[in-house]
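Notes to accompany the following structure.
Chain lettering (A, B, C, D, E and F) follows the sequence in which the chains are written, and residue indices restart at 1 in each chain.
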Amino acid sequence: MKTTTLKLVTIVTERILEDRLLRKVQELGAKGYTLTQATGKGSRGVRASEWEGPDTRIQSLVSKEVADAIVEYIAENLFEHYAVIVYVQDAEVVRGEKYI
Amino acid sequence: MEHIITLASNLLSPIILMFVLGVIASLVRSDLKLPEPLYNGLAIYLLLAIGLKGGVELNQTPISEFIGPALITLFLGILTPIIAYNVLRRLGKFDRINASAIAAHYGSVSAVTFIVAIAFGTMTGRMSEGFMPALVAILEVPAIVVGLMIAFTREKRAGSWQEALHEVLAGRSILLLAGGLIIGWIAGPTEFEPIAPFFEAGFKGALGLFLLEMGVITARRLEGLKEVGGFLIGFGILVPIFHGLLAVWLGGLVGLSIAGSAVLGAMVSSASYIAAPAAVRIALPEANPTFYLTASLGITFPFNITLGIPLYYAFAEWIM
Amino acid sequence: MEHIITLASNLLSPIILMFVLGVIASLVRSDLKLPEPLYNGLAIYLLLAIGLKGGVELNQTPISEFIGPALITLFLGILTPIIAYNVLRRLGKFDRINASAIAAHYGSVSAVTFIVAIAFGTMTGRMSEGFMPALVAILEVPAIVVGLMIAFTREKRAGSWQEALHEVLAGRSILLLAGGLIIGWIAGPTEFEPIAPFFEAGFKGALGLFLLEMGVITARRLEGLKEVGGFLIGFGILVPIFHGLLAVWLGGLVGLSIAGSAVLGAMVSSASYIAAPAAVRIALPEANPTFYLTASLGITFPFNITLGIPLYYAFAEWIM
Amino acid sequence: MEHIITLASNLLSPIILMFVLGVIASLVRSDLKLPEPLYNGLAIYLLLAIGLKGGVELNQTPISEFIGPALITLFLGILTPIIAYNVLRRLGKFDRINASAIAAHYGSVSAVTFIVAIAFGTMTGRMSEGFMPALVAILEVPAIVVGLMIAFTREKRAGSWQEALHEVLAGRSILLLAGGLIIGWIAGPTEFEPIAPFFEAGFKGALGLFLLEMGVITARRLEGLKEVGGFLIGFGILVPIFHGLLAVWLGGLVGLSIAGSAVLGAMVSSASYIAAPAAVRIALPEANPTFYLTASLGITFPFNITLGIPLYYAFAEWIM
Amino acid sequence: MKTTTLKLVTIVTERILEDRLLRKVQELGAKGYTLTQATGKGSRGVRASEWEGPDTRIQSLVSKEVADAIVEYIAENLFEHYAVIVYVQDAEVVRGEKYI
Amino acid sequence: MKTTTLKLVTIVTERILEDRLLRKVQELGAKGYTLTQATGKGSRGVRASEWEGPDTRIQSLVSKEVADAIVEYIAENLFEHYAVIVYVQDAEVVRGEKYI
């Protein structure tokens, strides 16, 4: 079975940014995404799921270029004022052309 | 003497004690915590129930009675964020962004404080006007707009003004309150009857359960007290008192009953912690959430539901 | 004239208006949405409550009264998917897989439509027979079996027939309805009394809250309308009307009351969107969910709870 | 004869039948399952409701009536884990860790069994003393402490004794029961009235829904039956009967009513499956959860709510 | 601490397939799995958690061979008709023999 | 955009260990973590979300040294008696100094 190596971008951030980020991620070239709920702790302290609801964890399987673009967008626009983390990993898929 | 009894009767009412139980649970690091979907569901239920009931009673109210209170509420929704902003800037030396962020919260309204104020009234036998929930809907939005306008007038900001406004207007508090009002108004008492047991009989108990969780959440906010400093703590008590007494007085002037004026006082005095934080987070991401959340949720909310509400009722009785 | 009043009284009843509120919330992209576990829990509550109440009343019904309606329901459960299939194949030019998938939905029943039909009756003072929930249980399964049989008879399919059947028979709708019926039947009115406040008094309000979320879900399905094309939209209104009127007429023939015939009409007319989609997804994965979900949830469900139900009541009154 | 009727009336009561429905749903691999947040929320509701109601009635009870039952409950909380431990060690040849882990469960109490016992009483017209919930709070903790002490006295263990104790004391069962008791006691009947519809009228129905899910959970535990062996199955039935009858007898001696003694019997006989497993998992991680969970949840719980409770009532009636 | 490199297979798919897939994954050699709930969007449109419940996200730590078998099974049997994504990543574990 | 490669440690374990593990993980040097809920199956059988609540899934982005220390702690203290799995993967982040 022929496989391709793509990039899996994971973003954990405030629920309030979810809609905006999903729009942006797709604009930058992502063909799909998977969402889960998360809580956590980082430099901005504990983010427990309270009135604001839990944080959102976005994962998207994309090409290297799109991954870079997403990371760059977040670094430039969100790092300063929002609770957000983003990291990129390798992932092998079949029918890789579907995601790029 | 009589006022002390009313105060005690508020402090010892089961729903306030459930709030205290929640605070204690959080302090002893208990696992007691309402599951988030349930807390969420209770919020939906309470807002819808309040809206429905308000609508049913609005259905029976001549519109002329409603105009005065509506206008005065709108006026207070514009005035109070301006007062709060100036206190924070001039006395508190806050920067413009944080001052306007906090001001947006103190101009807007806490639906739970409102509900507790209504419940306190009915428990002590004093019914407020049926259209009060409509006033909550009127009070919620303008202050947030005013608060954000103050921040946006001079510089271009990082956040999005339109998204923030959408967040408030299409937010569930407004939709449920306003939607409930309209549905209740259309339905009237007869059509409301079949669903009344669900939305009326269970109401106060559900409020108690909700306040249990509010206690847990409030207690978590107490950590922020050290960070925010003495000024904001004083602000979180004194400015609400001032706003509240002002509203009680104006409420009386436009013909609200004693209970109605007191409830208006509680509403105006209260600080939003659902609609405003969401809007501010989007429009003013540079503002520090610790300031506005600790103040509104950690200070003003517990102050109001314990001491503030009996105070507004006492003041309303005293001036009328 | 009188029928227009009944129609208005349905359209303006609070529970239907809550459905509308849900639709609006979705259209303005509000965050108003019942948390999924709560929506799920409400579904369990409603099905169990309906089952229990049906069982308690079945306990008081001579079995002879029940035989006729039961047989006619079974008959309609077999007939209606065949009608729907042929309309879709011959007039709509659908392929066999999609036609049988949709047919399975239109033969089966929507428990919520049923519940709204009952509630509409009691709100307008017309009680249907107590055993109606038992008919829902009878109606739910056969149509799905018939629908899948049509698809499976000629070719070997990708999906699993046994798993699909298990999904329906062990699905929670059947278990709760049938389980509730048996429990209520064993318990009888006296034993049911202690749990009645929970399952009876809160029922209509809980239904309203559930319909709020159904509104949100339905509105999302409206996107599919462009894709499915005009034929399916017409199908989703006309075939249910035909099925409904047929059922009202046959219901009258076997001795059901006016309200009972009308409720049977609503049941038969309604399309499943819980049991059938799950079974069809397993057994006929090649079928396009956009077709059957948009039709049953986006077209037939809102049509029935607003216009259909008053129509079936009016027709039942007219022919008796 | 009369006892057989009471037994049947318990076995056929709707709430027990809902438990059975849950068991069946699990056995036929249905998707019927209360969403976890809802199950959790129901547990909070039931514990708080029981606490509140107990508190309100304690408010009306002279303290002298309460002392005897309180002391005897404390005594049983210390005695029963020692009995259980010795039976498991001497007759069952269990190692020290597992024996003390299981003993901690059988000394402590299952709040749901308690609630079913109360409900069984009221359904058959026999009211137990209002302060019974206070006894649950007294019974919950000591046995867990005794159980863990037995394990910790000789060797140093892997687990943490302090964390385990914190888990129990700050656990939500104790907080809700004790908190509810205090709130109810402060509030008294008049202040309780506004929240009574929520906490009282809905109680038995909510218990039924909760038992539905308990049935699902219990059925999953039945898998463990093969693993645990015949001795533990016998233990899970006979030791509870012995504990229960002992408690009924002592309850009668200290002046409890028939229903009160029976409820005390059910409490003492029951095995914890919320507080104890959590504490034991932390303090004695080497103990095998299959043993203590299968025994308490798979054997003793279903035994007690079906046969045990009517037995304790019958015995209480017989000796008084 | 001696570590082994294994494969982490992640599958996101419709809830309705959960039981069947878990049975299959274990048949193919997986010794365990972890489940989370997810929503998402892909070529078949948005999958929000509605009446059908949220999607299911299955992760299993397995040997290279088992990973290949799982991917192949999914590609052949599920890609065509179901909303499903599967990808494979490396992961280091201790006591790796437990999982193969 | 300059990126650093860090280690992503994933732990799935019993809810009851959550508090203790989070304290420990931070003691060992983690600057943050993300939590999600999970159920699953392993050598100790099925872990469905019952009265005990679902399992907890902890992910933390840390340096190689901290990752090793976490894995070692778990292997030595928790493997024997608790349902637990831990694995380590590579992940690229920007502003990597924030997490080490």
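Quick note on the criterion: contacts are C-beta pairs under 8 Å (C-beta built on N, C-alpha and C of every residue); 3 or more make two chains touch, one makes a residue touch a chain.
Treat the numbers as computed from the prediction; the structure is a model and nothing was measured.
S.K.: Determine the shortest chain-contact distance, in steps, between chain C and chain F.
M.R.: 2
S.K.: Quickly list, by label, the chains bordering both chain A and chain B.
M.R.: Intersection of chain A and chain B contact lists gives nothing.
S.K.: Farthest from chain E in C-alpha centre terms, which chain would that be?
M.R.: Chain centre farthest from chain E's centre: B.
S.K.: Tell me, please, which chain's centre (mean of its C-alpha atoms) is farthest from the centre of chain F?
M.R.: Looking at centroid distances, C is the chain farthest away.
S.K.: C-E or A-E: which has the larger count of contacting C-beta pairs?
M.R.: Contact tally favours A-E.
S.K.: Hey, how far is the Cα centre of chain B from the one of chain F, in Å?
M.R.: Computed from C-alpha means, the inter-chain centre distance equals 40 Å.
S.K.: Centre to centre, by mean C-alpha position, how many angstrom separate chain B and chain E?
M.R.: Those two chain centres are 46 Å apart.
S.K.: Give the residues of chain C touching no fewer than two other chains, as numbers and ranges.
M.R.: Those would be 35-38, 40, 167, 201-202.
S.K.: Note the residues in chain F that touch 2 or more other chains, in rising order.
M.R.: Residues 36-37, 89-90 of chain F touch two or more partner chains.
S.K.: Taking all chains into account, which pairs touch?
M.R.: A-B, A-E, A-F, B-C, B-D, C-D, C-E, D-F, E-F
S.K.: Note which residues of chain D are touching chain F in the complex, please.
M.R.: 36, 39-40, 43, 158, 160, 163, 167, 217, 220, 273-274, 277-278, 281-282, 285-286
S.K.: Quick check on the complex: what are the chain A residues that touch chain B?
M.R.: That would be residues 14, 16, 20, 48-54, 80-82 of chain A.
S.K.: Show me the residue ranges of chain C that touch chain D in the complex, using the header's touch definition.
M.R.: The touching residues are 35-38, 40-41, 44-45, 48, 52, 166-167, 169-172, 175-176, 179, 182-184, 186-187, 191-192, 194-199, 201-202.
S.K.: Taking the complex as given, what residues does chain E use to touch chain A?
M.R.: So the residues of chain E in touch with chain A come to 10, 12, 36-43, 55, 57, 68, 71-72, 75, 79, 85-90.
S.K.: Provide the residue numbers of chain D that touch chain C in the complex, in ascending order.
M.R.: 9, 12-15, 17-18, 21, 24-25, 28-38, 119, 122-123, 201-206, 208-209, 212
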